[in-house]
Amino acid sequence: MLLDQYRIRQEPYYRPLKDEVELFGAAYANRMPVMLKGPTGCGKTRFIEYMAWRLGRPLITVACHEDMTAADLVGRWLLDAEGTVWSDGPLTTAVRLGAICYLDEIVEARQDTTVVIHPLTDDRRVLPLEKRGELIHAHSDFQLVISYNPGYQSAIKDLKESTKQRFAALDFGYPDRSAETEVVSREAGIEPNLADLLVKIAQHSRNLKGQGLDEGASTRMLVNAGRLIGCGISLEKACETTIVVPLTDDADTRNTLRDVISASA
Amino acid sequence: MLLDQYRIRQEPYYRPLKDEVELFGAAYANRMPVMLKGPTGCGKTRFIEYMAWRLGRPLITVACHEDMTAADLVGRWLLDAEGTVWSDGPLTTAVRLGAICYLDEIVEARQDTTVVIHPLTDDRRVLPLEKRGELIHAHSDFQLVISYNPGYQSAIKDLKESTKQRFAALDFGYPDRSAETEVVSREAGIEPNLADLLVKIAQHSRNLKGQGLDEGASTRMLVNAGRLIGCGISLEKACETTIVVPLTDDADTRNTLRDVISASA
Amino acid sequence: MLLDQYRIRQEPYYRPLKDEVELFGAAYANRMPVMLKGPTGCGKTRFIEYMAWRLGRPLITVACHEDMTAADLVGRWLLDAEGTVWSDGPLTTAVRLGAICYLDEIVEARQDTTVVIHPLTDDRRVLPLEKRGELIHAHSDFQLVISYNPGYQSAIKDLKESTKQRFAALDFGYPDRSAETEVVSREAGIEPNLADLLVKIAQHSRNLKGQGLDEGASTRMLVNAGRLIGCGISLEKACETTIVVPLTDDADTRNTLRDVISASA
Amino acid sequence: MLLDQYRIRQEPYYRPLKDEVELFGAAYANRMPVMLKGPTGCGKTRFIEYMAWRLGRPLITVACHEDMTAADLVGRWLLDAEGTVWSDGPLTTAVRLGAICYLDEIVEARQDTTVVIHPLTDDRRVLPLEKRGELIHAHSDFQLVISYNPGYQSAIKDLKESTKQRFAALDFGYPDRSAETEVVSREAGIEPNLADLLVKIAQHSRNLKGQGLDEGASTRMLVNAGRLIGCGISLEKACETTIVVPLTDDADTRNTLRDVISASA
Amino acid sequence: MLLDQYRIRQEPYYRPLKDEVELFGAAYANRMPVMLKGPTGCGKTRFIEYMAWRLGRPLITVACHEDMTAADLVGRWLLDAEGTVWSDGPLTTAVRLGAICYLDEIVEARQDTTVVIHPLTDDRRVLPLEKRGELIHAHSDFQLVISYNPGYQSAIKDLKESTKQRFAALDFGYPDRSAETEVVSREAGIEPNLADLLVKIAQHSRNLKGQGLDEGASTRMLVNAGRLIGCGISLEKACETTIVVPLTDDADTRNTLRDVISASA
Amino acid sequence: MLLDQYRIRQEPYYRPLKDEVELFGAAYANRMPVMLKGPTGCGKTRFIEYMAWRLGRPLITVACHEDMTAADLVGRWLLDAEGTVWSDGPLTTAVRLGAICYLDEIVEARQDTTVVIHPLTDDRRVLPLEKRGELIHAHSDFQLVISYNPGYQSAIKDLKESTKQRFAALDFGYPDRSAETEVVSREAGIEPNLADLLVKIAQHSRNLKGQGLDEGASTRMLVNAGRLIGCGISLEKACETTIVVPLTDDADTRNTLRDVISASA
């Protein structure tokens, strides 16, 4: 079956921050659309994979971007030997067959993309395929989930009020120190002590946000650093390669970060 | 029959605000084009579904967006095994077969979309399919309805005077307290007391419009909150998830909203 | 015959303003291109339909818009089972078969549209179909007519001098009080007294142009109001729905208009 | 033969201004590219038709516009039942078969259009069809002629220096009074006295250029006025319709023009 | 063979300015990419034709322009009766079969065009046809040459540093007086005395660069003037037509140029 | 096998700067995405070719540019005799078959290109082909590498924070004097003394960065100069052709560079 490739086969590792698992469960029980808000690399994608596994539903993820149109979501006519045949897009597949559809960074997409989800996110729960003259009533298992990074949006690129008001929303952030240590230790396969040291470095870097850095080091960066260390690279070199050089090109900010690392090591 | 999928099978729940049902009826008797004006989530879509049910006409709804062109409404040539075949768009289907066509947020669409409706909205009642060399005289049951949110329009994106003057227009707003309580109670399946409490919270939030909020909580948000409460989520958590977090990312405005909720609870 | 659908079968009701019928007749006798100038809803479309009926010529009307290209007027290659076949656009049909072609609001169209009409509007009277390698000499009955609303044009969107100078031009405006009363009474099927009252309201509203209104109420709006009244709606409600709400969203201007209506009623 | 439709069958009426016929003849003898410079409606198109007739060469005219691309001039692949077939554009037809190709208002076209003519306008006289992998050596009768209205060009839309320097250039302007009278009398079929009167009116209007008018009345407008008079329209009404109303919407400038007309009549 | 049409059959007339023939020869021996820099009409195209003849290599010239994309250079899929077939572009033909490819005014092209040449202009000498999944190793005779007019480039339209640094570059300018006289005399077929007179006029005009003229008269213009004189046109008329009118529309600058011509004659 | 054309057959000459070989090896062991940062012509491309050779993996390089879309990377539907067939893009080929995919100057590409790599650069290591309804799990040998020139990026064209944080990053710069001398001597086939002299010239030119030059002479330019000298061109002429003329059109900066060259020679 087509949906099989979208099933999560193993329980993804996910450490809850607060009550997001309970709230998401209640929203899904109502098939209420949900918006995940939070900075990059803090675990939104992992959370939705975990919930899809927990609820036993297939998950179709679409990474949205500036050039994405409604047709990329909904489907299009393709020319075949027997003429044009309709090809369902990922959203239509989810709507028809009953998957959770996760639109990652929806605000990046072109506006027609956000409008296409309106009739799916109120009591109608329908998807009109105007180019095909078909009106699909959503499968009873279907749910729409979107992500949204509040720090990025400009005035031009924001969700319209009439879109926002259709979603229940959950806030995400970096986990607290002990939780993040647990995540890094597990994901990078390193000792908790070393993971804790990396978390302290990250927390220092997050205080530099707005003072030379656009964003502090994410949990993902710490996992990368831990993995290089696991290959025999020294802590300083590993942090230089996975944190300092990727985060900034400014010499002063780099030195500040290096001081933080030396002090922590 | 193709139109069957567009028939409203059950009476939609709709609670009239003023005399809009009578006025719409008189407009339809003249097949006069109608414009529904009002903010997001206040019931325009529900109203047109109710009127379509009441008048016994199929309803074809099109959510307009920035990338929508006249071809999306009117139709296009598709390549088939026997060559190109013409495929009617949703507006053409409504014109030919006699449905009410509802163009939601028409000003979002590209300008050619608004021009295409001109010959349908005066005494000619014709739709020229220029790409096909056909001139369709509208079915006697056909009516055109558009929606329009006055708060959103910029100078650039507004209806042209020559478009506006073709429509009878109806104003929509949030219902009064007792009416809104009735709606929320019924839609969310919660007690009137609890619904009334949610309405009071919404009315407070609407006073914050322009003071941190672009728009107050809509009736739709209250229904969402009520449904989560119905799943055993506490009032505070439900309002946090369906009202506070979706409406704003500003910490101060969030706290103001939380104070309103605590005070009401 | 293809042109039959473009014939005006019944004499359209048209009440001349000045000598426009005579002047248009002389221009048509010379097959001179004509430009109709004037505000929205004052009867330009009705006039050209009347002249087409009077001259016994089919009328092909094209509503121009921002996304319209020369190909939409002239025609294009379509893919068929036997390969590509040429499909004449509405202008080409008129040129080949001898209709009056009316390009409504030509300045809205993309510039290639205006250039395509140049060789048709001087002594050559030819239409080159460059994509087809064909040069069509216009049918002896063919005439080109365009409309133009002087109030709308910005510096960017105006006819080029080399286009303007090819046309004879006729000015249109609102009819005088007794003429407009006659039109409204006839079109809406209401008593002359009531029609006169609506005309007085419209004339007041036209004085508000530039003072809150972009344009006053057109004759078309008065007909709409009259028709609602004919269905049993009160004068105030009918004017509110067809004049006040469509014309403006500004509360003060709305009240001014309501005062005018109450004073007239 | 394909070129036959582009032959000028009758001697076009053309009254030389200066030595342009001799100069063009010498340029053609060298197959030197020629640029015709001058305002709208002063006879550039008629001149090139006359020269094509005099030299016995077919004339392919292309009205350039903003959306015109090199493919519109050069040709393109079309899909046919046997696959894609190449279709020559008008420039390629002229190059291959030996016509004069007249690109009217070349600066309006997209830049790729001007670049495509470079290898045709130096000693190489070749046209590379890159999309077809073919290099055409121009027929020995081929010549390229372009027109250019110096008054219109903005800094953005001008010929590149490397294009300009490839052309011999001829200046065109309005003919002197007696010559213009002769043209108007002949073209409109009216008495010389009346034609002279119209020419005087035009000369007055040309003095208003820059003082309310973008351009004075062209010879073409006088012919239009003369033709309406020939149908029994009065001088004042004819001038109002063919000169005053087309030239300007400004009430004061219109009155100035009307005074000029009354004074002349 | 396909390349045959790109061979230069006769030795092109070229008069060296400095040591450009020797330097180009050394660059070709290394298959080093070369950039020809200099103003319009000074002989860059003639030089590359001469070098291609001298080195015995076919020459494929592409005039670049704003709308040119990488596909125009590299090739594209075309639909044929047996499905899509790949069609090599001019650059790919040169790379595969071993020609000199001359990209004239490369900075005019869209940026993807300049990027496509990167892997051809370092030691890899490969052209990836991504759309075809093919990696072509350049024929050992292939060389890439581009031209560049330093006076034209704006900040927006310039070669990227990473492109510039891949090319050896040769400066071109107008030849000195005796050399230019020789060129004009030979190309226009006129006496050296007359040619010298034209060169003096051109040199005066070049001093007006920046004082009313964007660029002085090129050698090409002098050849045009000489050819008209050879057809019996007077020196003044010939210079008026090939130099004064093409170069400027400003009346004062035209008179200055006419004074120069009269003084020289 | 398709990948064979992407294998590096001979060990590329590469002289390590610091510990980049060890760090890249550890990153590859974790299949961690890597970003190479540094100025033009300093050896990033050579480094990745060396690492691909050393790790024994095929290397698919894509030069990114402004007009590149996700479809150019991922693949597209092509029309064939039997209907549409899917054609993998270079990234998909690398993901499926297990190559290193090197996206050169990724920030030049359109944003959809960067988004497409997100699910490949976290623990999912999947590539969704939305247009095909397929989800590819990356081959265990696949690794993604991108390059990035920090000096070029404007605020508009930069990697998003959510992209940057997925990569380990390595800094590249010009090698030190003795290392660069070794490279130039080897690549150009000239004596170390002469190579050292060219390196000194380059180092002087790099000090002029920001004082007339956008960038100093790259190692690549020195190799070009050395190769011309190897063909018997003098040092001055070789440097003029490969360094002075390509780097700048400013007369003063050119003279400064010439002084540097004369002083070094």
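A, B, C, D, E and F are the chain letters, set down in written order, and residue numbers restart from 1 in every chain.
Here is the rule we use: a contact is a pair of C-beta atoms (placed from the backbone, for glycine too) under 8 Å apart; a residue touches a chain by one contact, two chains touch by 3 or more.
A quick map from chain label to UniProt name: A, B, C, D, E, F = CbbQ/NirQ/NorQ/GpvN family protein.
It should be emphasised that the depicted structure is a prediction, and the values quoted were computed from it without experimental measurement.
Engineer: Going by the contact rule set out at the top, which chains touch both chain A and chain F?
Structural biologist: Touches both chain A and chain F: nothing.
Engineer: What rotation angle takes the CA atoms of chain D onto those of chain E? Round to the nearest 5 degrees.
Structural biologist: To map chain D onto chain E, rotate by about 60 degrees.
Engineer: Can you name the chain that lies farthest from chain C, using the mean of each chain's Cα atoms as its centre?
Structural biologist: Checked the centroid distances; the maximum from chain C is F.
Engineer: Taking each chain's centre as the mean of its Cα atoms, which chain lies farthest from chain A?
Structural biologist: D
Engineer: If more than half of the interface residue numbers appear on both sides, call it same; otherwise different. Which is it for chain E and chain F?
Structural biologist: Different: fewer than half of the residue numbers at the chain E-chain F interface appear in both copies.
Engineer: Rounded to a whole Å, what is the gap between the Cα centroids of chain C and chain E?
Structural biologist: 52
Engineer: Using Cα averages as centroids, what's the distance between chain C and chain D in whole Å?
Structural biologist: Spacing between the chain centres: roughly 30 Å.
Engineer: Any chance you could list the residues of chain F touching two or more other chains?
Structural biologist: Counting only residues that touch two or more other chains, chain F contributes 79, 81-82.
Engineer: Chain adjacency by touch: line, ring, star, complete or other shape?
Structural biologist: It is a ring, because the chains touch in a row that closes back on itself.
Engineer: Follow the ring of contacts from chain C, passing to chain D on the first step, and record the chains in turn.
Structural biologist: C, D, E, F, A, B
Engineer: Okay, in this complex, where on chain F does chain E touch?
Structural biologist: 2, 5-6, 40-41, 45, 61-68, 72, 78-82, 87-90, 93, 104-105, 108, 149, 152, 187, 214-215, 217-218, 220-221, 224, 227-228, 231-233, 237, 241-242, 245-247, 249
Engineer: Using the touch definition up top, name the residues of chain C that touch chain D in the complex.
Structural biologist: Interface residues on chain C, with respect to chain D: 19, 22-23, 26-27, 29-30, 32, 35, 37, 69-70, 77, 79, 81-84, 110-112, 114-116, 118-119, 122-124, 128, 130-131, 133-135, 150, 160-162, 164-171.
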